[in-house]
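The structure under discussion is supplied below as structure tokens; questions concerning it will follow.
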Amino acid sequence: MIKRGFLRPRSKKAADPGVGGNGLRRRGLSERKLALLFVTPALGLLALTLLWPLILAVDLSLRDVRFIGKPGAFVGLENYSDVLSEARFWQSGLRSLIWVAGNAVVQTALALAAALVLHQSFPGVQIARIWVLLTWIVPTVVVVIIWRWLLSNSGGMINPLLMQLGLLEAPVGFFSSRQSAMTTLILINSWRWFPFVTLMILAALTRIPGDLDEAARMDGAGAWQRFRRITWPLLQPTLSVLLVVGTLLSFNVFDIIWLTTAGGPSGGTQTLPVLIYETAFKGYELSRAAAISVLTGLLLMGFAIAASRSMTREEGA
Amino acid sequence: MRRSLPLRLLLAVTILFFLLLIGLPFWWVISGSFKLPQEIIAREPTLVPHSFTLQHYAKLLDASAYPTYLLNSLIVGLASSVLTVLLAVPAAYAFFRMEFPFREGMYRAILLAYAFPGVIVLIPIYGLFAQLGLVDNLLALIIVNTTFALPFSIWMMRSFLATIPRDLEEAARMDGAPTPVILRRILVPLILPGIAAVGVFAFISSWTEYLFASVLILSDDKRTVPVGFAGIIGQYQIDWGLLLAGASLAILPVVIIFSLIGRSFVSGLTDGAVK
Amino acid sequence: MTYKTTSSLTFSILLLGSGSALAQTELMLWHMEQPPHRVERVQELLDAFNAAHPDIVVKQEPQNWGEIYAKAPAALAAGNGPDLLFAIPDFAPILKEIGAVQDVGAFVGTLDAKHDLLDSAVGSYSYDNGVWAVPLYNMAMSLWYHKGAFEAAGLAAPKTWSEWQAATEKLTTDGKYGIGLPASKGLYTDQVVYNFMVNNGASELYNADGTFAFDNPKTAESYAMAAALQKFSPPDSAGWFWGDAEACFASGTCASILQFTTITTYETQGGGDAANLGVAPIPHADGESQHNTIAYANAVMLLSDDPAKRVAFETFISWLLEPANYGRFLNMEPGLFLPVTADGAKADSFWNDPLVQKYKPQIETMIANSANGMLFGFTNGRTFPSIAPISGQNVLSEVLQAVVIDGVDPAAAVTDGQARMQDIAQ
């Protein structure tokens, strides 16, 4: 069954993974065909269910469709000029940036701390590594209900707890002002997502060769020094990728904001995804919502491309 | 490995912090689901319940189709994770080890899939699926969930493959084995933990997905847990006890599943392949 | 012909023949009453109807209010929408624009003659030379209060705004709040705000010609009053959605709230002391004389143009509105849904429910209050399509939030609100 001669030994000169060696053209062609075979199902599915609908959405943004079922005429870039001249769009954009930045800071801080802890050995660490993920495996709707109840003034635990700890004098409404609503939502969203980031960082931590750390310790380096000189730099590649992907995912978070504040109060948590949903399904302006989405997508794509260009290759294999 | 006292203290405090951060809300919710309604909304909330009742669970299981929702979520979750693995593993291998035109470009493009808010593909996908006759069909959810899990899964899988030394593969090639055989006989067992990681990731993403499940499914008997749960919230009124019980039950299956496979998920990511 | 062909031909003819005798018209009903006990009650009624009418089968598929705005148009456009759909007034115009809704004017006429339908209920669905839904159940807001708390403070239920202000202030003490008013961005807040407007002569959103009448001093006064009372509400009320106000009321933290009903939660979570549950018409401004309220007539739309289905629809709805059945329908949520027919308001099937019996005085007051009910955007017999996105984006709430959270002067906020409405209406 093994076809001798089908594959020749590869040249060891190529250290770069994936770059083919100097094989015969026949082998190169076969490998290419096989590679395409491996890749086509995944890419095919993505093309059908992601790329094609995106193209349709762009088409939608160039028409004047109010809601589905009522076709609209072609209007060119009118929706785009309308959207770009609306203050609401730019305000939502700003809020999205605040949202992303807030999430990035809080999640990275929490995840880094948790990952470092889980990297140590202490009784129960194996179990901890599994159950740290508890908040990630829970559906968002449930997260929303949990926190809305806990933060409420009727039966919620957080207000009395904070008052007992002396941090609050009287009960507050966590969603009653723009800033506190945004802050609270950032915290809730981070609570929900940081375990996943923790695991990614932990994975990267375990790939850092232990000997480097041991050698440094034997040379007398303290914990902080070891972290700063060895751990942190070696984490950079993973952290960078996580930052890019995390930013994209964070930016497009919709359900947790919508189900908690619906973009309020006074628009304080109306990020771009919330604006898009509301414009499409509550304002009955489907085409305009499509235009906002395309603009958002272009912005994020630009960011992702720029960020990944300035990143070093993370899998130095 | 002896730590200094301050470090040990820091470690202990941090562990306690995370324990409370994650555990306390869940304790409140689960213990709340057993409280009498008056106690749930009382002005002075109680850490340890003063009352005990199973009425909320009874109402939940009796009057709503919650078990059906759980079953649907399980079906969709398992199918999505299997499909994701089947598509992601070969693709990741190809992106990583094999040479073909536009390889780098396509790889970069895949992660850009996350640049677009899910909301905007909602309507075109609905139209597409309507034409294919897939509306109100669990298959539609499986396809959508796989689509959203694929890019990150391919990335995860590729970085997992990166931890496998080339020598093993080289050795196999030296013996003249064709690529599919290499993949199957040698690599797959090695990357089993990575596969588990991708599978679990796809399962959880599918389990928690709400937006598409709410629009693509029309009949109650095909609903998934997040959508079913949102329905119990109801309009004009809230039955907090019912909600807390529903929340607890929504958590329970994933907790059970996770206690079985959680270990392989975590080790899949943290062990690396060479051990 | 061969034996096979003959027998298969015969078989087909037999099948066709028997088929037509068994021909059932199937109706798919979508409604948004998702809480399990409501779904159960609807199923009981459907079973009873289906049994009594072998040629019709009605099936239900409960949907979620939050999802239906996106889902219904999409489903209808794709051809897998329902035949019957429950609706509230601001949902109907959208579906009508798609061309999905059937005119049921004639049918409503016959029902009105037989059962005496509430005029305002029919009115909310009558425009553009047609009636676009059959009213089924009504909801109207009242002022709910704890009698004991009021009596202890030496207060009676307020009738005017100055009384209301004084009472609320007096009752806000000691960790309790005189009233629980929401200030979130949502339908509930829209509704509560409108209660202030209708009690101050500011019930019109539109002029007869379609221009906006929102920006006027009476509206500004209404917002000022709402904001003034909002100060005496719990701090988290700016984030309240459904259920939060009632939770506050049931736990005794709020001495009063404005709501359609509190009966079920009061019964199950608030101690259930019927004698202590007070309900009153919403206070009117000092210069006004009538107590008004917001009223939502929920109705059912026919979305299929199949004549057989129309007949089935009319049979089903007629059956449902029969006093013997109607009460059971309304009591899928006792104390929330009020009759839209005069004979329904007297039906035994309505009053025989145990919970309704227990809170009889309260429900009688609720029905009396609902007589002066109206709904923003549907008040003067002419309905403009822009009401759907204005209601959908909760402009009324936005204005309240500007006053309460951002501290904008009510008159200025109202002017901004009208500008926003004009923006949306384009």
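Here the chain labels run A, B and C in written order, and each chain numbers its own residues starting at 1.
One rule holds for everything that comes next: a residue touches a chain if its C-beta (ideal position, glycine included) is under 8 Å from a C-beta of that chain, and two chains touch if they have at least 3 such contacts.
For clarity, every value in this text was computed on a predicted model and none was experimentally measured.
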| item | value |
| --- | --- |
| Two chains sharing the most contacts, counting C-beta pairs only | A-B |
| Most remote chain, CA-based centroid, reference being subunit A | C |
| Centre-of-Cα separation between subunit C and subunit B, whole angstrom | 38 |
| Intercentroid distance (Cα basis), subunit C paired with subunit A, Å | 39 |
| Whole-Å separation of chain centres (CA-atom averages), subunit A against subunit B | 14 |
| Multi-chain contact residues (two or more partners), subunit C | 70, 74, 77, 244, 247, 251, 253 |
| Interface hub residues of subunit A, defined as touching at least two other chains | 68, 154-156, 280 |
| Per-residue overlap in subunit B, given as positions that touch at least 2 other chains | 40-43, 123, 126-127, 230, 233, 240 |
| Subunit B contact footprint on subunit A (complex, rising order) | 1-7, 9-10, 12, 17-20, 28, 31-32, 34-39, 41-43, 45-46, 49-50, 52-54, 56-57, 60, 68, 113-114, 117, 120-122, 126, 128-142, 145-147, 149-150, 154-157, 160, 191, 195, 199-200, 202-203, 206-207, 223, 241, 244-245, 248-249, 251-252, 254-255, 259, 272-273, 276-277, 280, 286, 289-290, 293-294, 296-297, 300-301, 304-305, 308, 314-315, 317 |
| Subunit B partner contacts - residues on subunit C that touch it in the complex | 32-37, 39-40, 61-67, 70-71, 74-75, 77-80, 139, 175, 242-244, 246-247, 250-253, 260, 264-265, 268-271, 333, 336 |
| Parts of subunit B lying in touch with subunit A, wherever the complex brings them together | 1, 7, 11, 14-15, 18, 21-22, 25-26, 28-29, 32, 40-45, 47, 86-88, 90-91, 93-101, 103, 106, 108, 110-121, 123-128, 143-144, 146-147, 150-152, 154-155, 158-159, 162-163, 166, 170, 173-181, 204, 207-208, 210-211, 225-226, 229-230, 233, 240, 243-244, 246-247, 250-251, 254-255, 258-259, 262-263, 265-266, 269-272 |
| Subunit B - residues contacting subunit C, complex | 37-38, 40-43, 59-60, 62-64, 122-123, 126-127, 130-131, 135-136, 214-215, 218-220, 227, 230-241 |
| Residues of subunit C touching subunit A in the complex | 69-70, 73-74, 76-77, 94, 97-100, 183-186, 234-239, 241, 244, 247-248, 251, 253, 388-389, 392-394, 397-398, 401-402, 405-406, 424 |
